[in-house]
Amino acid sequence: MRIPKKLINDPSKVAKEQLEGLIAANHGRIQAIGDKGAVCVNPLPSPQVAIVTGGGSGHEPMFAGYLGPGLATAAACGDIFAAPPPGVILDAAQAADQGKGVLFVYGNYAGDNMNFDIAAELADDEDIETQTIRIWDDVASAPLSKIKERRGVAGDLFVLKIAGAAAAQGKSLGQVTEITAHARDCTRSVGVALSAGSIPQTGKYNFELPDDELEYGMGLHGEPGVSREKMASADTVVEQLLDRIIEDLPFVAGDKVCLLINNLGSSTVMELLIANRKVHSYLESKNIEVHDTLIGSYCTSQEMAGYSISLLKLDDTLTPLYDAPCHSFALRK
Amino acid sequence: MINTAQTQALMLYVAKQVVASEPLLTEADLVIGDGDHGIGMERGFLAVIEMLEKEQLASVDKVFIKVGSTMMASMGGASGAIFGSFFRAGGKALKGTSDFDAKSLPVLIEAGLQSVMDRGGASPGDKTMIDAADMALQMSKTTSNESLESALSKVAEAAKQGVEATKSMIATTGKAKTLGERSLGHPDPGAITTAIIFKSMADFVKQGVAV
Amino acid sequence: MRIPKKLINDPSKVAKEQLEGLIAANHGRIQAIGDKGAVCVNPLPSPQVAIVTGGGSGHEPMFAGYLGPGLATAAACGDIFAAPPPGVILDAAQAADQGKGVLFVYGNYAGDNMNFDIAAELADDEDIETQTIRIWDDVASAPLSKIKERRGVAGDLFVLKIAGAAAAQGKSLGQVTEITAHARDCTRSVGVALSAGSIPQTGKYNFELPDDELEYGMGLHGEPGVSREKMASADTVVEQLLDRIIEDLPFVAGDKVCLLINNLGSSTVMELLIANRKVHSYLESKNIEVHDTLIGSYCTSQEMAGYSISLLKLDDTLTPLYDAPCHSFALRK
Amino acid sequence: MINTAQTQALMLYVAKQVVASEPLLTEADLVIGDGDHGIGMERGFLAVIEMLEKEQLASVDKVFIKVGSTMMASMGGASGAIFGSFFRAGGKALKGTSDFDAKSLPVLIEAGLQSVMDRGGASPGDKTMIDAADMALQMSKTTSNESLESALSKVAEAAKQGVEATKSMIATTGKAKTLGERSLGHPDPGAITTAIIFKSMADFVKQGVAV
């Protein structure tokens, strides 16, 4: 059996070291707050609502790769696939807060929810006002009737983009929260995996997929998806993924969307582009206009092979916010 | 009945046992979760070991509170919040206690469990550590007049049955949730940890390191 | 033995389909010229020297991902790992030429050299003036004394960036050629591979590396490197790579450089960031200043695992050109 | 001696044989190159087949020129330029020829080979198709007074020896260059293709499809 093969140093320090590498790549535009995984833009922008995100590491460049003007203000990074502890989240919130309040924006997982909630209580003790938006864009993870049980995946990026743009416009915490919730409600994602990622500390793959099978709806930590099926053509797979997304919101003729084809880890850029070809022709056939296309490693699951597709439905509120400039390690507009 | 120093030694022993169980917990979380539960518990209890070896805590409640807050500060993940809350809340319920005995057990577990349920919104039957802790709680209530050794050995056994029970449950929370029926047959990792904690307590007391 | 697993359609059409996907992702900013692999920005910029690049496909987003204002004007894309035929290169040159001449900028491989040279002869027949800069940044592929035998790898990106910026400033073909040659001469790269990529049509890995070995100096098509060694820590590997690069130019104390850590395919973003951490501390220890850091999949070799490190030494000519804005699918500044 | 139509049929046969050899050529290029040589030759000769099945060429030189330009336009890679140049230049040297015979052979190969060397800068001994073509050339010069069948069978044999010879050469050009000594023992893919081309020519003529 194949064993995971990675260029790392101490497996128990990968989360810390990748964050140091990210900070170095930002050339002073972000800085560590303490040494437990909190990181904040530097300098802070002119006073505005702080967007604080975070979650487990191992999904690079999510989350800390999206800090910067027009995007998130600070991030709390946990160990690989583990939500950050409340103290780290509080560090991030305290560094980012400018007296205008803090919006926590993160993926909807039991661990993140609990740790961010505890952090919100700690922040309250420090007289920092917080609001929370949990992202649940993964349509494969629960039926629409239980949308609040769905996981947050690559669609996080769209929601962060809108939140960051709204905050940069100087809107109030209440307004930013409302707009961010709206962006979340307009976002849908689903993924397909061909092979597993692995956590460096375990040195084991999180699951095994036979050579001739793929799994629809696989989660970002290797949580099982909705079905295992025989390998199929890219066009067939893309169609199945889009069918799921489209009917869920639903996205309908005349809609305008932003598209993200996200590498879960080790798919080739070639495969992502071949998928994009089909996504565009599919959406065109449904008379859905693609406003912008992002393709690449935006929210990964270590070396998992496969990709997710996310759509953000635009409207008059969201379009100018999406188009607003932003500058971060992993997203520039 | 054990005193504060012995309780601190007990928790140090527990911490070491959980750390030693990392591979087993990792395996369990690889099957129905994301594979990090063992590493998270190891990280948390290594911090607990460091804390317990450095500090000398003033009372039984402080031992548990400090164990909980150390876990909460260092672990992250679902289990950091869950086990951190469990020990913190359980410790608070023992406020001012300087002797840990069979009577303390249901107090500790009940308050800890309540806090876990408040924090995470899960209940018995959801295939979590709650199922092991709840079985332990029920047993601890019926053994509160026995010796600590006897009570702990029965409570540990009950927690183990709780683990068994999770095998026939379908996960409705946490990373195993989306497995649905495929989670059947596999025990919950957090429940296993809970059983290891009580088993280690029982072993510590039984081995007469302190009774 | 493991077999390659990819989401594609017809294996013989991957090069064509990925290009269609890339064109769709550009939302009208680039267009196909004919249907054989030539692609050109749309509309053309105000009259300037055309930068025409290209090479085999399978390295996405290289080359066609770098078309746009401030970067390349057109690209000729061959089949997977195969230089484009002369006619396709001519298509690209004809579409891009605005009467100011065409600079061919591409990696130094026998196949590319011959096909571009034939294309230059064909262009001459059409009264299109051409100049050629071949990129040979891979220090592992030949000794310094035979630098013209070295391969072009991810450092192509730096050279294209400078060429595109110089052209955008309205410089003459002679000037752009000279500056581009200078950028090429200031660029050095070297890579390390952990596992092989595969060509979809063969369905086989291009080489096999034992679980516990890595290969220094591996080429972009799986050409063997300089040495196979036991797996080592990220820090050790990065140090070895940098030692090679640094002594070659050489880069010395006081130099200012741009850094590219390029994913050869399936390495995790985490590993790239961990490498970046070490690169920055290494360069700092040598008193070499890092002006900008690029990290990601810029020039891949299908699903090869591993990364390359490229350095561009800046000077008063190159710094403003590097810092000039550019807009393309895969690089924005 | 064969006429123009037969020469066209000969090249169609050659094209089909090379296409059928794709797996073997792929294997060879996987060992010391980048694995695409078989696919490239297949792509080029499939285009040649399409062209030859559609058009009816006017003279022997036109057959080879058109084969060469079709390959050059469709293949890409080193071999597109190399084999394209070979047939184009070889054909041009046969200008006006309407019979292809043993005398045509050295003319075709010599001009083709010169063009390859001019284009790519390699020489005999560099472990390329040149080594097979050069052996073929030498033989063709000594057999130019024999029958086409006899000449081709000796030329094909010589090309095969050229392939053998590449095994003991160290590559100094192309993708195998960086292998250095590690390229020893392995034949050059392009040389194999060259030998297949001459072998197919010989077989076609021998099988009496046309003599």
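By letter and in written order, the chains are A, B, C and D; residue numbering begins at 1 in each of them.
In this text, contacts are C-beta pairs under 8 Å (C-beta built on N, C-alpha and C of every residue); 3 or more make two chains touch, one makes a residue touch a chain.
It should be emphasised that the depicted structure is a prediction, and the values quoted were computed from it without experimental measurement.
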Based on CA centres, what chain would you say lies at the far end from chain B? D
Inter-chain centre distance, chain A versus chain C - centres from mean C-alpha coordinates, in Å: 29
Hey, how far is the Cα centre of chain A from the one of chain D, in Å? 54
Between chain C and chain D, what is the gap in Å from one C-alpha centre to the other? 32
Going by the touch rule set out above, which residues of chain B reach two or more other chains? none
Once you've mapped the touching chain pairs, tell me: line, ring, star, complete or other? line
Contacting chain pairs, sorted by label, are A-B, A-C, C-D
Complex contacts: residues of chain C adjacent to chain D: 12, 56, 78-88, 109-111, 114-115, 117-118, 140-142, 149, 151, 199, 201-202, 204, 206-207, 217, 219, 221-225
For chain C, which residues count as touching chain A in their complex? 2-3, 5-9, 14, 17-22, 24-25, 27, 57-58, 60-61, 65, 192, 194-195, 197, 211, 214, 231, 233-235, 237, 263, 265-280, 290, 292-293, 295-297, 300, 302-303, 305-307, 329, 332
Please output the residues of chain D touching chain C within their complex, sorted ascending. 26, 30, 33-36, 38-40, 43, 72-82, 85, 119-120, 173-179, 182
